[in-house]
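This report refers to the structure that appears directly beneath it.
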Amino acid sequence: MKKLINRPENVVAESLAGLVAAHSDLLTLSQNPLFVAWKDAPVSGKVGIISGGGSGHEPLHVGYVGRGMLDAACPGDVFTSPTPDQIEAATRAVDSGAGVLHVIKNYTGDVMNFELAAELCQAEGIQVETVLVDDDVAVKDSLYTAGRRGVGATVLVEKICGAAAEQGHKLSAVAAIGKEVNQRTRSIGIALTSCTVPAAGKPTFEIGDQEMEFGIGIHGEPGRSRMQIKTARDVVRMMTEEVVRDLPFQSGDSVIALVNGMGGTPLIELYLVFGEMIEVCREKGINVVRPLVGNYITALEMAGCSITLLKADDRLLTLWDAPVHTAGLRWGR
Amino acid sequence: MKKLINRPENVVAESLAGLVAAHSDLLTLSQNPLFVAWKDAPVSGKVGIISGGGSGHEPLHVGYVGRGMLDAACPGDVFTSPTPDQIEAATRAVDSGAGVLHVIKNYTGDVMNFELAAELCQAEGIQVETVLVDDDVAVKDSLYTAGRRGVGATVLVEKICGAAAEQGHKLSAVAAIGKEVNQRTRSIGIALTSCTVPAAGKPTFEIGDQEMEFGIGIHGEPGRSRMQIKTARDVVRMMTEEVVRDLPFQSGDSVIALVNGMGGTPLIELYLVFGEMIEVCREKGINVVRPLVGNYITALEMAGCSITLLKADDRLLTLWDAPVHTAGLRWGR
Amino acid sequence: MKLTIDFFIAWLRSLRQCFSENRDYLTRLDSAIGDADHGINMERGFSAVYEQLEKQSPKTVEELLKLTAMTLIRTVGGASGPLYGTFFLRASAATSGKSELAVEDLVTLFEAGLGGIIQRGKAEPGDKTMVDAWIPAIAAVKACAAQSPGDPAETLQKAAEAAETGMRNTIPLQARKGRASYLGERSVGHQDPGATSTFLMLDAAARVAENS
Amino acid sequence: MKLTIDFFIAWLRSLRQCFSENRDYLTRLDSAIGDADHGINMERGFSAVYEQLEKQSPKTVEELLKLTAMTLIRTVGGASGPLYGTFFLRASAATSGKSELAVEDLVTLFEAGLGGIIQRGKAEPGDKTMVDAWIPAIAAVKACAAQSPGDPAETLQKAAEAAETGMRNTIPLQARKGRASYLGERSVGHQDPGATSTFLMLDAAARVAENS
């Protein structure tokens, strides 16, 4: 294992200390229980938005705390969901009285820990609503699975809900928009290498020099299938077609498209992937009106990428375009 | 070699196509000769700024084309400097009559190709000035070397010169500011893994599981020395001390600090590195007033990082804070 | 031996070492069909429980199990945190007022705990989860309780053996809950990490009982 | 054989295959002390020259060498692009008005070319660059020119042999120019890629001369 760390058990705490030091104009760190909050939260009258999950997906979620996105984020240990006390404390810290939205990626651990926290919060009289993100088409949503994983859509849900809250929508409306974004979004991911959980010390899976994993999540878990590595053109076509077929996206649709790196794939490749993806979309009459290319929801140093499409309309585009100022996403005033 | 590409010889062209498609509001692509230009260039009366160098360092340079930074960038093949015809054409394209600044990283190839281009431009009556970036303290600047390499300072020079040009400074003044930034900046880098040049197909250097390269550049070239891997704390202390000693930075100095990832190191580690670096600075009475943490000047998928410090003053901070809107760096209006 | 608070304290303290020894084993199992953290999660949780027991002195089994529950919920995270946390929370309630447990009380305790796991996680038998270790274990405890007066040490030994069988029987199953379910058919052929940690907990209990 | 335009065309065309065959070899040398692209650069440059020669028909040696120079400058990049480009540009000027070159003219051509390399790159002998292959090669050509009438094929053979020696002699040197100089003492023990491509160019010339 080659990492720029001190001791595996301190990675999360030490990285958060660095993050908050680098963005001291924007962020504060609560130590016990652990969460990162926007300095200006709670904003009077504004719905609070929090999210959380295992660490190792940076900039998600801690990098999305700030104006126009999250009011707080609860980082768990690497790939381990946070605990209810963190979530409860963060919820309390950002509630202005207008209630708090929990954005939860659909993993058994996250769901249960947020559920426990929500029970605690509601007992204290804080209004809590939930958006469950489950956009990964690699997983069948059936009785025989824990449902689809939450992946790339999380970034879009957090950005768009953040803008809606900023515009003064009330909790139920912000939650409804978040659910709508999730319903209109589909993603798929692939990996060329495994990642290494610091405390585990070795790669989560072994993979040959000529192999790739298709349909992976963001935790170094094996994907839906293993196959021979292909050209970017072929890989991206397979990925895009799975995503398009699922919603389905149709000719004439306008989409927000996220080409996301898993952490170890350089930008030169991600832009190449974006170029290939847009070709497939063009063929199908799908119009990419807002592109986002980079490392936005990662799996440590895994090499690979994911593709996320959101079927947009004018309202969602306006919310997307609204100013955002966080460590990981920034535009507008 | 595991990369999301089609054919090694097309990586640069295909990646640029994706970049320009993703940022079509900002960028245009000239095909023959190859360069990326800001849509609004030339801006009447404004000094043009161009840079260029081998590809594989993304977002540098093409990702820094836009408002408040570069007017154009000339990408060479991976790790190979661009050719004079590209540089000449880009210079011509962005000259509003106010002249054009060439920001050049100090590598023999870049220097000679820019030199040839500048001769051609001057023959056409275009005013050209040059800032040579050479901030890498790992290399001795002596008769016995090609001088210091240009690394992290390049990002700072491009940003600050871009702001100066935007504010209406004339060519000689913009060049003088660029040179000043370079003189006040020092950097050093380390690598945990090699990168693989796509056309070469295998890692540039072999490195053991317990080894790191200290004092590397951004081309997968071996560093100044190889050593046992250490904790982030120890590595960052060694790095920061080399940088601080060289200028030297002194107690009471205010600095802009860049903790830069080489492409394969995840953000969770880069923030941890930033946290360690700021500790060392604090000890030495150096005040980090503007931090930047992320992948800004990379070496393909190499794992590792670099640390860059710029001794700032109010004028440089104002230029640093000025709005910038590029694919790779964005803030302000 | 008697199932008093001393036994439960000794058992819970022993789990620190148990999960530190089995950390890599559990994490390796979780690498194959999960996210390579189950051993790390269990070690973190039961180290925290151990530390709590250094600082606090719960007076009753009920308080002790509740402290364990809250500590696990606050430190483990992931799926196993709320599941084992809920197990101990319900187990605590089921021991209310008792200072010594008979073998029949163990049935009540385990059934309450498992009820919590099932309510939280909605897993059914055969879904390839920790539930598949608890069910045969509890059946074994019930069988011992039927031959009164059951011997606690022997009962826990039988429970551990049954859990081990349940654990091994998860190997051919296809996961339908938790992270492993994302793998579909690729989850077949691997032993469930949570069923394994359940076996290890019961096995530790049996060993503490045997030596006390 | 005669050093007419046909010889130079045949030589330059042969360099496409030469550098495609030696691409990985040169890149491997450049990996050790550089950035792993010298073979790729040379292959790209001389493929482009080959293509130009399919499309255009320069009438004189001067035009041919100038076309080669401009093509290399436009396609190679890196350090070697401007250096070899300048070499051919100066070489072109040195052949002005000649339709057949004598061995003495080769001296003029190579010296002009090397002068360009040195002016552009400021390398001195012993800096571990391509200059260290050119200098002994040119000395060998001069020696042949002294015994008039020198035989072109034999001259080029001697030049190639001398370049090879110069190339091997770069191994113990510490680089003082170009990328390899960043390595300081770590550059010792490795053969310079640019000196190697210079040898390969001359070796190809000798072989074309021998077979024509």
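Read from first to last, the chains carry the letters A, B, C and D; within each, the first residue is number 1.
Convention: a residue touches a chain if its C-beta (ideal position, glycine included) is under 8 Å from a C-beta of that chain, and two chains touch if they have at least 3 such contacts.
Since this is a predicted model, take the numbers as computed values, not measurements.
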Minimum number of chain-to-chain touching steps separating chain C from chain D: 3
Whole-Å gap separating chain B and chain C, where each centre is the average of the chain's CA atoms: 55
Inter-chain centre distance, chain B versus chain D - centres from mean C-alpha coordinates, in Å: 32
Chain A and chain B, separation of their C-alpha mean positions in angstrom: 29
Touching two or more other chains - residues of chain B: 78
Multi-chain contact sites of chain C, meaning residues that touch two or more partners: none
Touch-based graph of the chains, sorted into line, ring, star, complete or other: line
Chain-chain contacts as defined at top: A-B, A-C, B-D
Contacting residues of chain D [partner chain B, same complex]: 24, 27, 31-37, 40-41, 44, 73-83, 85, 120-121, 174, 176-179, 181-184, 186
Interfacial residue positions of chain A with respect to chain B in the complex: 2-7, 11-12, 14-19, 21-23, 55-56, 58-59, 63, 78, 192-193, 209, 212, 229, 231-233, 235-236, 259, 263-276, 278, 291, 293, 295, 298, 300-301, 303-305, 330-331, 333
Complex contact set, residues of chain B against chain D: 33, 54, 76-85, 107-109, 112-113, 115-116, 138-140, 143-146, 149, 197, 199-200, 204-205, 217, 219-222, 224-225
